[in-house]
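Shared between the two complexes below is subunit A, which has subunit B as its partner in the first and subunit C in the second.
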Partner chain A sequence: MLVSFPHMGELYLAVEKMCNLMAIPCVVPARPGPTTLKKGSELAPEGSCLPFCLILGNMQEALELGADTLMMLGGRGPCRFGYFIYLAEKILKEAGYDFQTLIIDRGHIYQSYRTIRNNTDASWSRLIRAVSFSWRLLACEEFLRKIKREGRAYAVDKKGFDEAMLYWEEKIKGISDEREIQRIEQEIFKYVGEMARHPEERILKIGLVGDIYTLLEPYANHGIEEFLMERGVSVYKEISVVNWLPNALFPWRKGRYRETLLQQAFPYLKNHVGGFGLESVAGARRMRELSVDGVLQLFPLGCMPEIVAHSALNRMCVQEGIPIMSMALDGHQSATGLETRLEAFLDMVNSKHKYAGPCLRNKVSSCIM
Partner chain B sequence: MVKAYLGVDVGSVSTNFVVMNEDGAVIDCLYLRTLGQPVKAIQNGLRKLGEKLSNEVKIAGVGTTGSARNLTGVLVGADIVKNEITAHAVAVSNMVPGAQTIIEIGGQDSKIIIMRDGIVTDFAMNTVCAAGTGSFLDQQASRLSIPIESFGELALKAKTPVRIAGRCAVFAESDMVHKQQLGHSTEDIIAGLCEALVRNYLNNVGKGKEILAPIVFQGGVAANMGIKAAFEKALGAKMIIPRYFNVMGAVGACYLAMDAVQGKQTVFKGWKAAGFSFRPSSFECKGCPNRCEIIQIFENDVLIARWGDRCGKWSDLGVKTEDVKAG
Partner chain C sequence: MRTKIGIPRALFSYLYFPFWYTFFSKLGLEVIISSSTSKQSLDFGVKEAVNDACLPIKLYHGHVVELKDKVDVLFLPRLVNVKGSGKETFCPKFLGLPDMIRNSIAGLPEIIDENIELVHDIFPLNKACHKIARRLDKSGFVVWRAINSGKKSQQAFLKHLAQGISADRAIDMMIAGKTLQLPEEKPSSADISLAVLGYPYLVYDSFINADLFARMQEMGVNLQTVEMVPPQCLKKQGKHLVKNLFWHFSNRTVRANLFYLTEHKVDGIVHVTAFGCGPDTMVNKLMELEAKDYERTPFMTLSLDEHTGEAGVATRVEAFVDMLRLRKNKGHVKNMNNWGNIWRDRDIWV
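And then the complex of A and B:
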């Protein structure tokens, strides 16, 4: 058995670790890029969204590396994301690839465990230990990313900051002990607490909302975080695997999670619209509480839930006075159009931030590319 | 010698130059077709302006904008490189004080900018489809063999404009062909097209925007009387077409340059840059799966700029292509 899985941001670190801990042989495909997109679009049905094309292409790349087992999250709900693995399995098998699937979804966990059991000697207890450790690792990794995107703008010594972050990124990759994770987190806390900072009011804060794949996978969003960070913006993003997965997977958490989201999204969105639509609206609302200067909604072209969220966000930006720009992303190779809009958005938010004072900051903005 | 500022706006269809004095008066402007070769168009413009003005003005600052703004910035030597949305807004806030809405339709894109008290409060730009931009009008004009200059006038002669789908260039074209085969007059079809484009603009780019007068209409398409009339009919307000409507991006770049230099020395390469040999070349970086397409610009065979990389390793001009090919 050789396990593989499609990429989504930095998730692979934890998944690879988990496989290693269970002594399951695994192979990590290359990060999504133009080749992935080309492969995915060739096989995917016409009109498929960008995340599906990239995931499908990535799976194909994994199979070409010799993988015979594909692991992915399933799910249910009006967004296509939950069906990706089921659809991809059909498409790839029709294309002549032979493999089995490990689906992490309600109703499939036991079967997936059986598959692992039949092929390796991983016991329940070993599996649970591996999952719990890699979960902890993922949390630490995502914590570091959060510090990086939010904190870089404040750092006076940018070069030192980048070096420190790179050092911990490398360190996290090699961790094998839970206490070590704790120690690293404390180190990061200490560093950020002690670093020389620019004053808060000079820093522009931009929040990102949208569907999870587009937000987490840099190739899908044209490296928007880096783009903003380079321009001295503190980037806020609440969606992460650690924040979201338990709520999607465990039925006992789902009710409360949805209720909180509905409360935050009220009165702009009063129902779950599938995908991350409700999350986007609730997220933008929370961003407002974090006093961000503007919100960017990113979603793949044709993403229904996000289109619904877009209308709700439009209303929110008029009534709550928060600049929101929506951007639909697709397989375009050139980022010029995206950069033009982002630069203009930053110029706009900046001039409000700088010259206009509080009264004009209540003015409205939204646009779609 | 008068102290002056140079603004260059290089878009998909046109390459525009504006030379402005310190008081914001336009000394000269130039509207050229890019014809898919921005480097050639930029040098051509520099040469023309240089021949005319090199003894009269001294350039104290340069601003570039438009989709080729980075390339232009490197070729000409720019003190500021800015996106066209900001450039247009800056131009209007100086030339038409008090304007609240800017409708800008260019060759490949159309945008709306909402301004309040001289500050941009909202904007939008099309990308999904090129229906409703200058290129599409150009193409239809040549299909009907009408010179683009008389397109607008002809539209004004229409008695009963036909209904045409404006959402998509392909649908619009097939609608036009069908109506023409049914026997509608060319004037009516053209007027119908103008109305469809305006409807498309207002339903897409202008959706949800608070369009308040005074409304400024600019960009190459503002020369088209038919479109102007259709806008006035749809919005029930007069369109203000500024004198330099087709070079407003470059006008904005001048103002931005003025703001950017503030006593500093300009990095303008001089009119002589028109004679430099610029050679762009590109290659695909194989360093990681991103496979970035790296653009290199050579000036007289010396590498002067490189971009296109996401990671930034190529931005250091000291890195040789051979070094990294191996890695």
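And then the complex of A and C:
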């Protein structure tokens, strides 16, 4: 048995670690890129969204690397994501690949566990320990990324900041002890606390909302975070695997989570619409409390929940005076169109931030950009 | 003066309108349904809706625009679930439909947007209907009676659909108060039977599908639709799927596809889909793969978009039907029951 899985952002680090701890042989396909997209869209049905094309391409690459087992999350809709693995299995088998699946979904957990047990010697306790450790690792890693995208704009010494972040990224990759994770987190806290920083009023803040795959996978969003960070913007993004997955998996957390979101999204969206539609609307609303200057909604072309959110955000933009731009991302290779739009948006938000007075924040002063 | 309540003739109206029509009429309201889809509703829809929305959603917007100044109340229910199992819901755009309308169109009258969620409850339909009636200041026995007559006319309507009558026509006849005269069983000259599968709001909307029904009947094709499959047969097909789809209408379509492939054989299958429809990208692939598996039944996807030219649809349909005729005649000569082998032979020799 050689397990593999499609990419989503930096998730592979934790999953790979988990497999290693359980002594399950695994292979990680290359990060999504132009070849992945090409492979995926050759087999994917017409009109399917970008995440599906990339995931399908990733699976093909993994199978070509010799994997014979594909691991993926299922779901219960109404977003198409929940059916990805089932359709992908059908399509890939039709295309002549031979493999088995490990599906983490209602009604498939036990079967997946049996598959693991039959092929490796991973016990229950080992499995639980591995999952809990890699979960902790994932949380630490996402924390580091959060610090990086929000804090870089504040740092006076940008080079030093980048070096420090790179150092910790490398260190996290090699970690094998839970106590070490704690120590690293404390180190990061300490560094950020002591860092020389620009005053908050001078920093432009942009919030990102939208579909999780597009937000987490740099290839799918043309590296938008890097692009914004380079221009001295502090990037806010609340969606992460650690924040979202427990709420989606555990029924006892689902109710309250959804209730809060519905409250935040109130007059604009009154029902759960699947995927991250409700999260996008509620998130954009919450961004205002973080005194964000503008919000970007990113979604793959044809994403159903985000289209509903788009209509809600359109009205919110007018009624609440939050600058919001929605961008549908497709399989285009060139990022120029996207960058032009982003730059124009940044200019607009920046001038509003500079001259128009306190629309979203109280203090206005000159900006470093 | 009676309160005027408006129901757009789009999306789920093609299947559930008779129930609501009778229900509101019996409550003493004047029900106004928008006219059949036209160029105008399409234009309004394209203008008002979010630019990424799919064709049916745009049309829905167009119908609401047509109605909004004519009525006192708009009935735009949020369909969450109509089957008891609780596993099926509707496409995300259906779930956010009243919100999309509110967010995109200005100057709307009062909107009744109760959730229709017929699950996890005793008499869920009655509860939902009572809630709606309360919004209109009606309660008590009259509501209960209205629900019952609604159910009856809905059953009659579904029977009409099962006999192959277009929903659009059945709705018009019902509003006019006429009982529908069933076309007599004439010895049909149709030599080809074709399953036209897809969502009711595409299959029965004669403007957007360029009059597919009439066109096919003219060509001497015996049409089969999703609504013509007996419900219990539809349900039975569900077990052949690895995992049921999440969307009610999609499930119906996929199951009907399996039904026409296995139990009630047809000569070919046409999947009618709309440009930009999310679930259909998956449904279409599933149907195509199934059709290929079962004796390589001919399968065509007819994707409808904002185009109003009929020539494109006509050409494709005619070509498909011609191919089917050709194939059928050849099949007669060799082995009628084993098309798969014949086609494979051809593949080698040609």
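Quick notes on this one:
As a working rule, the second predicted complex is superposed on the first by the 358 of 369 C-alpha atoms of A that agree within 3 Å, B and C clash if a C-alpha of one lies under 4 Å from a C-alpha of the other, contacts with A are read in each partner's own complex, and residues count from 1 in each chain.
To be clear about the criterion, a residue touches a chain if its C-beta (ideal position, glycine included) is under 8 Å from a C-beta of that chain, and two chains touch if they have at least 3 such contacts.
What you are looking at is a predicted structure, and each value in this text was computed from that prediction instead of being measured.
In the superposition on chain A, contact of A:Pro34 is made with subunit B only, not with subunit C. In the superposition on chain A, A:Arg152 makes contact with neither subunit B nor subunit C. By the touch criterion defined above, A:Lys237 reaches neither subunit B nor subunit C. Shared-chain residue A:Gly277: touches subunit C; no touch with subunit B.
Of the two partner chains placed around the shared chain by superposition, subunit C is the only one that A:Met304 touches, whereas subunit B remains out of contact.
Of the two partner chains placed by the overlay, neither subunit B nor subunit C lies in contact with A:Lys17. In the superposition on chain A, A:Ser351 contacts subunit B only, with no contact to subunit C. When the shared chain is aligned, subunit B and subunit C each come close enough to touch A:Asn314.
Shared interface residues of subunit A (contacting subunit B in one complex, subunit C in the other): 314, 328. On the subunit A side of its complex with subunit C, the touching residues are 45-49, 74, 76-80, 82-83, 86-87, 89-91, 94, 268-275, 277, 301-305, 307-312, 314-315, 328.
Taken in their complex, subunit B has these residues touching subunit A: 67, 82-86, 114, 116-117, 119-128, 207-208, 210, 288-291, 293, 310.
On the subunit C side of its complex with subunit A, the touching residues are 49-50, 52-53, 78, 80, 87, 89-93, 95-96, 98-100, 102-104, 113, 115, 242-243, 245-247, 275-282, 284-286, 289.
By the touch criterion stated above, subunit A contacts subunit B in their complex at residues 30-36, 218-219, 223, 226, 314, 323, 328, 333, 336-337, 339-341, 343-345, 347-348, 351-352, 355-356, 360, 363-369.
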